[in-house]
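Listed below are the structures to be examined.
Next come two complexes built around chain A: one with chain B, the other with chain C.
== the complex of A and B ==
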């Protein structure tokens, strides 16, 4: 799978279609984002599987936004999974990236990863490599019981008490793009203390993520949270409250089922 | 570290960070873990989710207290009494591990006699913690299958710091919570490499790997390795350097990555000492208040600009890779030291940080098996004596580093300075979640600065009312050593009669107030307790 990506990117570079390719590089056992600009460097390309599939994911779209800002007239390639491609589209929609200057190079996630993150479409449309697996089919929500807001309100507040205000959820989020972040507005959310205003701090972020249907449910926020706060479940809960249930993994899976679209249409390319 | 070394024979976190999440009881004392070690707090939260009991002993209602099964707020500096009281209850109820005590430890009888003098009722009077609470936390800790102690500066920064640590060691040995998974006595080291700096002999009495300078075999070993004559005399600790500078017996000071003008107690005294220095060299990445007084400033590099290793709180040696070239004229610390040494006529010819690690492994038994190649990935936790050794997850497994674990009979001593009519408030100092040490790195970050731009005094609302001070108003805080003006935060995080101030801020420098009285053995100053008076600022 990696060879196909490497070859594909080499071609893009050779044909001059891209100035560079934002992917992941492995150094020793460490994996991190890297902007590849020559074919030789691609030797060290990684797909983000250190020990387990997808255990070393990064918000490459968000990093690309910074690169594109610095080189506004160049075109770049970017490594994408299904969730990354969804995030990319969000950034196109709000003009944070220009769709003509980004060439996504996609690969499919294995079903175990899709199940783990409840991903209803674990592959991008720009699929270059990987076996397409069916993805999350909805059904029983593991945290379903917690989604009854009023019944579990105190439980949520107790969970929020562990927040250390590290901003990790915001900083890792591929679709958090605001220049001035409401979470840093001292007039709305008092500064200086941990836990931060409970529930205002985490609820404000949740509203921002789902109120405008931004969240792509990649789960990176939950992965980095040092307090293990189940943020994805929180966003689902808020989505339910504000009538955006259709944007949750369960909602998307249900839509996919009724429309019959999805993986069958794309098929396997490797 | 001295306290643990005396009890166990090795001064470091006994267990690894990841093990915390499988403990059945976690006893946190003198550590504001979510604020200062959030990733250790992660493991505590995971342990709670798995059903562990959390006991927090802290005079302040810290964030972790919100999650505690029991939070006790003992009076400042009464840790020994509290711990003795817990052990009294444990012995009374036969909750101790007799077999472990008999087989693995010594000094028990004398210790036991002393503990007799600490019935919970008496301890309640000293500590302000009810006898019921003392019994409850003793039971939680003693009855747990695996109980882990986590402590930090709230234990060590006292005139009785070593006594406090030894008391924690007593508690762990008494209940057999040593040398097993998810147990132990675990000091959290603040800086990413403070463990490494100590391991490398950044202390006045040892070479790398805690090899004493006044042991002739060690001296000869290092003399032949370095081809130089070495001293067998123990060097100076910071308090003695400062008094030496004041008295003129010490002429020059070379400060690397420290900022004593903000971090040391009784700043007035520190400033006099530093200004009396004939020649002051400061090596740092920013122009700190101490560097401003220097005759020569040498620009060091930040973590991002150098190769090397950091040894973290769990003894794990981790590889650091250079991400960017050094900015401006800065150089990695080892290169600066090498150049200075060469100009002094002692030739050093290291080519790289890795070159130095090769020497470390030949001279330091606990680092004997550590090479850059083996450090790829997750690193290695010492002791790692040879190339095949996988590193050590937890210490003292079948026997203590010193052979038998040593019980110490320790009486409670009050802090060096106690409140009186003139200075009626207890002052404690510490950290806030967004700032690091003297703020030289964190206060230049716009986001962190915006979160907490200035140092304020925490005071209980009842005290505020009594003094006629409202939220955010300025107060004058004075101790026998100096005075500062700061805004007040009225909060019940502190108890009535107690005030707290972070020490990160040079403008409202808490260390103008603190007491330089220090532990007789470890020489750590009593940053955590002194007496002050507070009045509304004019």
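== the complex of A and C ==
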């Protein structure tokens, strides 16, 4: 699978279609984001699987945004999974990236990773390599008994109290793009007392993610949270309350089932 | 265009979280926690997330400062060290070794902490040595 990606990117670079390719590089046992500009460097390309599939994912779309912002007339390639491509589309829609200046190079995730993250479409349309697997088909939510947000509100607020205010969920989020972030509003950050009260911004963030249908349920926020707050579950529950159930993994899976668009769409896109 | 990600270790405390500094055209523009680092496993605290900001910050100290006539002014290492040595000697003579304390740092290497500990105990003769991680 990696060889196909390497060859594809080498061709894109050789043909001058892209100025660089934002992917992942393996350095010893470390895997991190890297902008490949020559064919030789691609020897060290990684797909973000160190010990388990997808255990080293990074928000490459968001990183690309920073580079493209300074070089708006250049075209870049970017390594994408299904979730990355969904995020890319969100960024195109809000003009944070230009769709004509981004060439996604996609690969499919295995079904175990799709199940783990409840990904209903674990492959991008811009598929270059990998076997397409069907993805999450809906069913029981992992949080089970906590499904009713309003009934368990206090429990959730207790969970929010474990927040260490690192802003990691916002920083890592591929679709968080605002220059002035509401989470830094003075009204949400009480000061003066020691210890300072916990800013109650997790619900605010949930409303932003869900109310505007931005969240692509990649799960990077949960992976980055030092307090292990189940943010994706929170977003799903908030989605239920605000009538956006259709944007959750369960909602998307159900839509795919009724429209039959899942596997058929893949067939036509090879 | 020159975009690099530099794998390094957070300098804010002694934990040793792994992170990538994003460097675009020579400017540190962002921090990305390393997913593969066994210490932080892709997580960071709020300080670590913002560590790129101090690297090239204009307010960062690059030269020793000495207070002269009530104001801090830049000076040479030689002058700063000579002054420090002479004053430490005076204070030790006048008030004894335990009138001096040393404050080391969790942000520097073990070896540097060892040196300041040795200097405090062996050269100055006091056990007054502590460091910033013991808040």
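As a convention for this text, the second predicted complex is superposed on the first by the 252 of 270 C-alpha atoms of A that agree within 3 Å, B and C clash if a C-alpha of one lies under 4 Å from a C-alpha of the other, contacts with A are read in each partner's own complex, and residues count from 1 in each chain.
Basically, a contact is a pair of C-beta atoms (placed from the backbone, for glycine too) under 8 Å apart; a residue touches a chain by one contact, two chains touch by 3 or more.
Because the structure is predicted, anything quoted here is derived from the model rather than measured.
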*Does chain B (first) or chain C (second) touch A:120, or do both, or does neither?*
neither
*Is A:186 touching the first partner chain B, the second partner chain C, both, or neither of them?*
first
*Regarding the shared-chain residue A:166, is it in contact with chain B (first), chain C (second), both, or neither?*
both
*Have a look at where A:20 lands relative to chain B and chain C in the superposition and call it first, second, both or neither.*
second
_Contacts of A:194 with chain B and chain C, given as first, second, both or neither_ = first
*Mind working out whether A:70 is in touch with chain B, chain C, both or neither, as first, second, both or neither?*
second
*Would you sort A:177 into first (chain B), second (chain C), both or neither based on which partner it touches?*
neither
*More residues of chain A in touch with chain C or with chain B?*
C
*Should A:29 be classified as contacting the first partner (chain B), the second (chain C), both, or neither?*
both
*Once the two structures are fitted together, what part of chain A is touched by chain B and by chain C alike?*
27, 29-30, 164-167, 226
_Interface residues, chain C side, partner chain A - complex_ = 1, 3-5, 7, 18, 20, 22, 24-25, 29-30, 32-37, 42-46, 48-49
*Would you mind writing out the residues of chain B in touch with chain A in their complex?*
34-35, 38-39, 41-42, 45-46, 49, 63, 66-67, 319, 321, 376-378, 432-433, 447, 450-452, 489
*Along chain A, where are the residues that touch chain C in the complex?*
19-20, 25, 27, 29-35, 50, 55-58, 63, 66-67, 70-71, 74, 164-168, 171-172, 223-226
*Mind pulling up the chain A residues that touch chain B in the complex?*
27-30, 161-162, 164-167, 184, 186, 191-192, 194-195, 226-228
